[in-house]
Structures are given as C-alpha cells and as structure tokens.
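Have a look at the structure below before the remarks.
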Amino acid sequence: MSDSLLRVEDLKMVFENKLRSFAAVDNLGFQVERGQTLGIVGESGSGKTMASLSVMRLLPNQGRVAGGRVTFEGRDLLSLTEKEMRKIRGNEIAMIFQDPMMSLDQVYTVGYQIMEAILTHEKTTKAIAKQRALELLASVGIPHPERVFASYPFELSGGMCQRAMIAIALCCRPKLLFADEPTTALDVTVQAQILDLLRQVQAEYKMGIVLITHDLGVVADIANRVIVMYAGKSMEGAPTDTILNRPSHPYTAGLIRAMPKLAERTERLYSIDGMVPDIREMPSGCRFSTRCLFAEAGCREEEPVIREIEPDHYVRCHRAIPQEKGGFRVG
Amino acid sequence: MGDILLDVHHVSKTFPVKGGMFSRSKGFVHAVDDVSFQVERGETFGLVGESGCGKSTLSRALLQLISADSGEILFEGRDLRAMKGRELQTQRSRMRMVFQKPFTSLDPRRTVREIIAAPIRVHDRRIGAAELEKQVLELMDKVGLSPTYIDRYPHEFSGGQRQRIGIARAIALDPELIICDEPVSALDVSIQAQILNLLKDLQQKQNLTYIFISHNLSVVNHMSDRIAVMYLGSIVEIAKADALYERAMHPYTQALLSAIPDPSIAGKRRRIILTGDIPSPVNPPKGCRFSTRCAHATERCRAERPRLLDVEEGYKVACFLYESKGGLK
Amino acid sequence: MTRFILKRLGISLIMLLAVSTIVFLMIHMMPGDPALMMLGGDSNPDPAAVAVLREELGLNKPLPVQYKDWVLGAVGGDLGHSYSEKIPVMQSIATRLPRTLELAGAAMLLACIIGLPLGVWSALRRGKTSDLVMTTGASLGTSIPVYVMGYIFIAVFCLDGFGLGFSMPSSGYMDISRSVGGHFTRLVLPALTLALGIAASIMRMTRSSMLDALSGESVRALRAKGLSESKVIIRHVIRNAFIPVVTIIGLQFGNLIGGTVLCETVFNWPGLSTLLVKAINQRDYPLIQGCILVMSSVFILANLVVDVLYGILDPRAR
C-alpha cells in the first residue's frame, strides 16, 4: 500500500466567496500505481477536473482544498510550498489538457515552448535542450520534428498540437501524468492514434496515468481501473471490465445503457431522467437519489458511504449488490 | 427507392484561402467536391466524417445559406438554387436546421418565447400575440420544456435544455426536412440520450425527414437508416446503416469503425491505426483523396479519382478495390 | 511583406488625394475672401486693389484649374505661397511640424509610462480596492477636457496655486539650442496634459487585454509546466496582451497629430495645429491645404507602421 504512486484520501475541494462555500469535490479517494492507468469518468459538474487540479494545486482563484490527504510517493503534496510544488509540476507530475490550441501559447513556436519546459527544470544549455526537444517530438510520432519545432501552434492540426503537448509533458520523464479529456477535441481517427501513443509512452516510462474523461469508450480502451464520479462524489470504483460489464451502481449502469453502441442497435436509448443537480442545491441523502430508478425512502435521508461489495469493487449506494447476486440491471 | 424528397447532384463548393495580411492567396479549399446523394421522405440520412470532410459546408449549401459553385439541389423535384425571393422564403420554412452548439446558436438577448416565435413571425407577419403564444407553448410541450420557462433567457438553461429550444425553433413551421448538424456533440452522455430519443419521437409524430450529421459514428449509426461517409469533401461510401457496420468496404470506413471507442466492441476488433493526419483540404491530394493514408493504395489510386458506384443494391463505394463489382443494377 | 507595404502606400496616396480634394472644396465654400483679408480686415480696402490681388493670387481661375495647379505643385514639392505669412508654405510648416511631433511624441511616451504599468497592475489586482481606484481614476482621466486640465496645471505649477514654492513657465517655446532646461520645462506641462487622457485609455485597454489573456486555459497549462508565476505573466500573458495595446498606441499617436490644438492654445505652444487654425481664420488657402496634407500623411503613416508592427508581434496575422 505504501508504495502507491499517488494516493488521494477523503479529498474535499470547495468554491467560495465571502458569503458561501460549495463543495465541488467531496470525500474522494483513489490510488494510482506505476505503469497503471486510472480512468476518472464523469459528466459535467462531476468534479473530475477539479479533483485533478486539486492534486496539482492549480485551482482557480475562488477554489481551495478544504480537506483530505494527497500523497505522492510518500510525500504530502498539500503541505508543500508553492515553490516546492513548482519543482514537481511539469517535472515529476505532468498534465495535458483538452484543447491543445488553447493550452499552447500561439505567439511562440512549439520548439520554444518545449525548450522552455526543459530549461525550467534542468540546467542545461540551449543547444542540448533543443536536441532533446527534437528527440521528444520524434518520439511522439511527429514525422518532421524540425519543421514542427519551428512552427507556431496555429499552423498545426489539432492532432499535432496534442502530440506537441504530450512532448512537453514528457520532457522531464514524469512519473505521473494527468490527462484531462486529451482526445475530446480531436477527430476519431486521431483520437485512436493519441490513445495508442499514451499507451506506448506509459510502457516506456512506466508512468502512472490518470485519464479524465466523460467517454466510457475511451476508458474501455486504455484504463485498468475506473472511478465514476457524480456531483462531486465517487459513485463506483472497480477494474475496467467490471465497470463496463457488471456495473453495480445505478448511475454507472444508466450511463452505459445511455450510450449508443455499434454492436447493439436499439430503437430508443435508455436515458437517465432529469439533470445533474446544481452545486448550490444538492439533494439531501444520496446525490443521485433524485434520478435513480431504484431509490427508496432511506436513500433520500442518509448519504451512503463507500462499501466494498466484492473484492476490489467499491460502490457508494445503500442498496447495490453485485450484478450476479441480483444487483441492479438497467434498461 | 421510395419517394425522394431531396436529390443532390454533383454539388461542389470551393473557398479561396488567403493568408494573413502579408501573404498572398494560399490556395483553395475544396470543401465539397462533386457530392451526389438522395434522401427519401421519412428516413434519417446520416452523414459522418471528421474535420475537413465538408459536412458542415454541405449542410449550409443545402439550406442555401451559402451558394454552391455548381450542381443541383432538388427538393421535391424543384431546383433550390434557382429559387429566389418569396419562393425561397417559403422553401426555407420546409427545410430547417438544428445547430451544433447549444451555447452559441441561441441569441442570448432573447427569451425562449422570442427565439421560438421568430420563425413563425417571419412567415406570418400578421399573427396575433395570443395565437403566437399558443403555438410557442405547444412547441415547448412537444420538446419537453416546461411552460414556466417561456420568458427565461438562454444562459439560465443547461446545454440539453438549450438544444430543446433549438429543436422547438426548428420544428416551429412544421417543416418536412430537418438537418441536424452535430446536435448532441456538446452534450453529456445521459442528456445526449434524451435528445436523441426526442428527435426520434418527433420524427414519428411530425413525419419528419432528417439529415443527421456527426463525426460520431455510433450516434449516427443509432439514428440513421442510411449513412454516407465523407472524407475530404467527397462521399466515399453510402449504405444502409447495419450493412455499413457489417461490411464497411471503403478502407477509410474500416479505419473509422475500428477507431471508435465503443465499449461494446472494445478489444473485439482489429485496430487499424491510420498513419499521418488528415491532409489539409487546401490543395488536396491528386487522385483518390484517401490514397495518402490508405494501406491498399496503388499507383492508380494516386493518379485517378474513383467514382461512387453501386456495388450492390443500395450500397455505393468510391474505391478501385471494388471496381469490378461496380455498375451493378 | 513588401507587397503589402507597397499596396498600402498606393492606397494611402489615393486617400491623400481624396482628403485634399474634400478640404479644397470645403475651404472654397467658406465665406470670406483671402484678398480682402490680406488687404486689411476691418477697414474697407479699395475694391480695385482687391481685384488686382485676386488676379495675382489666381483666385479668379475656375476651381478645377486652381486645384490642378495646386496638385501639380504639391507633387513637385511646392505647396504654394502662404498668403498671410508671405513665405512658402513648406517653410512655414517645416518650422512648426517638428514642434508638434515633439509634443505628440512626448505625450505618447508619458502616456505609455503611466498607462501600461497601471493597466498590468490593475489586471493582476482585479477586484481589489486598488483596481477600483485605478479604474475610477482612468474614467476621470478621459473625461476631463484638455483645456480644463491644462489650466489646472498652470494654476498649480506656474502660478504656484498650491504653494509649492516654485513656478514653471506657463507658455511659449524655447528652442533647445538656446537652453536645454528651458526647453524641457516648457514641454513637460503640455505633454503631461495630453498624456493623461491617453494614459487613461491605454490603461483600460491594457487591463481588459490582460484579463482576457489571464482567463485563458493557456495560463493553467503554463503553470502546469512548473513555470514561475512571474515568467508566466511576463513572458506569456503580457506578451499576448500587449498586441492589441500596441495598435491602440499607434493609432492614438496618429490622432494626436491633428488633435493638439487645444493644448497648443492653452500653453501657447507654437505647433502645427495652431498654425492651421490661424490659416483658416485668415482664409490662407495654400497654408490650409498644406497643413492638412501633412497631418493626413503623418496619420496614414502611423497607421501603416501599426499594421506592420502588428504583423511582427502576432505571427497569426502574417
């Protein structure tokens, strides 16, 4: 247990102004091991992005971590100073974002931005940094590294930019990578290439990856374990195969049924009624109770805690039991 | 083929590209290149493709929002491109569009009432306020919006609700054909399902014909009766939805299918990873547009463009691999 | 890039021609006769003398001919002879132009020194009291007219209004060759008066541009690289935010050339604007045309420089 790459326990993150405070992430816990990929799945408002920003300590102005522990290789990240944290960012823990066009600075060349990342953490010469940058570009599958090195982001396609971002993220051989919707803004065929690249890179660097996405299909592709988040809390956590084929939480099951699938043509899609509750108006009791087909009176009174319903399968639900034992089936 | 509602013949549209202030004209974007297809009344015709394939340009050309350079677009036998003035305006009430971005396709300064009423007012200038409100409320009911929302502004709604407003606006004039341009791409999965179900329900109740455009093949497959796959401005394959999924003849279609992250088929298919990026639609490759990334490309593919031919009943492919089968009636 | 510049210069020439045509027509529509003016405004001069003078000045020729003569002259570098000053127009302008340029230049420099840092600072301190104070100050700066501001300065600094114990010269111009100190003490106040209004709009533009740049996802990604906050702000945020600001600065300079007249009047700074006003009052057609031509040229040139600069700063515009 103590050699987990990253351990998050009971994380709580709030948005606050002078009058009130709202929790965007509450009681969140997860672990990532070296060489493994954890998928955090959730729709908008689930808190998945805020959770990763909390670990990186990159929260927006009105946000702050209000509780919990974040341990990276035994070190408590929440207690580090900003200066110490900066040594870790881009170096030991890296992050890539959804829209590469927005994340790269449009007035500097790609090469400059890679070199900037290298030189921030390592004392080498510009010439060596440039050499490393070119090697990195080649390693992420860019066919003409020198040309891309000298290009501005707006001159490149979305796929190229995302590769460049990955190159920047990898420049100091990080141990952990957060990937926040890395393929959502990309075309499907390019998405496949990028996911392939991430897999390849992970094997090479023995990196842990936290993949944040709303797309269960992407998670099916590269994650070992999945956590499903809803309205700021984790609802279910299990190996990928279990989540996809034997989900026990009504939300997870509903989500899977709501996706149109190529192999199963249906007339109507199963849809979960209602909408994600507003952060300011969370229902009492279980947060999903207002939309849950299986909710009972007790669900609206008391918030469920995480239970291990079978080995390595955690669910936050009063009533859930494993599917084979008669658990929820949806749709 | 049943009753053909829309008949598109050899439509092309090219845009000149200029660089920034200091450079000369960089070339031409062949956004839509010699596209032909037919849409039957009552069906959902899916159009799938990635960026640069021209599907958005095509949809705008169909609606006469931009003017195609060449070709014919026949709606119930009449050429849309020849219509002007009154006739065009009436036509516009029969072909409508649901747009991609629920956050930007609604005027933030107008209430729901005004947004939905706008097209009604355009076509009937003398309609009274009471009658107008009645129609708006009916439409809101059809799309599942509570009547209490009628005087609210777009920013007060979620993405899914805004899309419902957009749909209400589209069906306001009881159209025959609706072009849905990526209507659910910006929405969460659970909301996406709601909207797709709504679209299907409306289709039945109002006898609608859809052209459903998306880059997401799973969604298109779910919604459509027939699907056309576009690549870099041309259609490469047209077939019935399940046939497409089972056979997927064109190499691009095969790659597209294999790339889809779909948990139902994860791990059960052979992944075809395409090399390189989608070439720029400015100055596209000579010959077959897909030849630069195709594993089966031959010299002929690089020199000559394959035409869209029938390989069997109701199944067309534009690829030399299947040419021997081509021309079947 | 050369193609771009050549094309713009071509358009500029056409614009200058258009401007001078319009001005030509306008001044000839004004009531008042230059010959009458020259021969003695109030007193009644001899009509015969007036007629002779009009003939001499070529004022009896048809308008298009007069215009053609002027244009041909201007192309050759001869802007004609000033009626009121009795010297070639070129000479008249050549003495005055540098002074206005200096005033405008000094004002822009001061405006940047004041406005840019304040804009950056107020963006970084957004929402806090200091931001509020600065934004209000900026509003004041743009609303107080030049002549009010000018007279306030004179009252304070020249007439020792606050009892500061020293007094600056309030008017006039001293050539720098006579006394450097004297020259600059007479430059400071007029430049400052002009600068404050412009500094205010530079500050507001910078602030909003900075806020735009700060809210982008780009900043988060940069921080995720482990860059120090100062590098993020200086190397990336400011670099991006200043692009639109630079163009505003260039355009303001162009505007200033023709807009210094109030300031020059208040401080008795003998520049191009006051020359133009005098010329209009005297119906000194050649001088009016000449001044307008020169002012338009400077304005158009400033715009051209701004466009080129924009292309240099922002690679997307190339």
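Per-chain residue numbering starts at 1, and chain names A, B and C are given in the order in which the chains are listed.
Simple rule for what comes next: a contact is a pair of C-beta atoms (placed from the backbone, for glycine too) under 8 Å apart; a residue touches a chain by one contact, two chains touch by 3 or more.
As the structure is a prediction and not an experimental result, all values here were calculated from the model.
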item: Centroid-based (C-alpha) most distant chain relative to chain A; value: C
item: Chain pair with the most C-beta contacts; value: A-B
item: Chain A and chain C: spacing of chain centres that average the CA atoms, whole Å; value: 55
item: Distance from chain B to chain A - Cα centre to Cα centre, in angstrom; value: 31
item: Chain B and chain C: spacing of chain centres that average the CA atoms, whole Å; value: 54
item: Shared interface positions of chain C, touching two or more other chains; value: 316
item: Touching residues on chain A, where the partner in the complex is chain B; value: 43-44, 143, 157-160, 187-193, 195-196, 214-221, 244, 254-256, 258-272, 275-276
item: List of chain C residues in touch with chain A within their complex; value: 216-218, 220-228, 231, 235-236, 239-240, 243, 313-316
item: Residue numbers on chain A that touch chain C, as the complex places them; value: 53, 56, 58, 86-91, 94-95, 97-99, 102-108, 116-117, 120-121, 152, 154, 165, 168
item: Chain A-touching residues of chain B, taken from the complex the two chains share; value: 50-51, 158-160, 188-194, 196-197, 200, 215-219, 221-223, 241-242, 245, 255-267, 271, 273-274, 276-278, 280
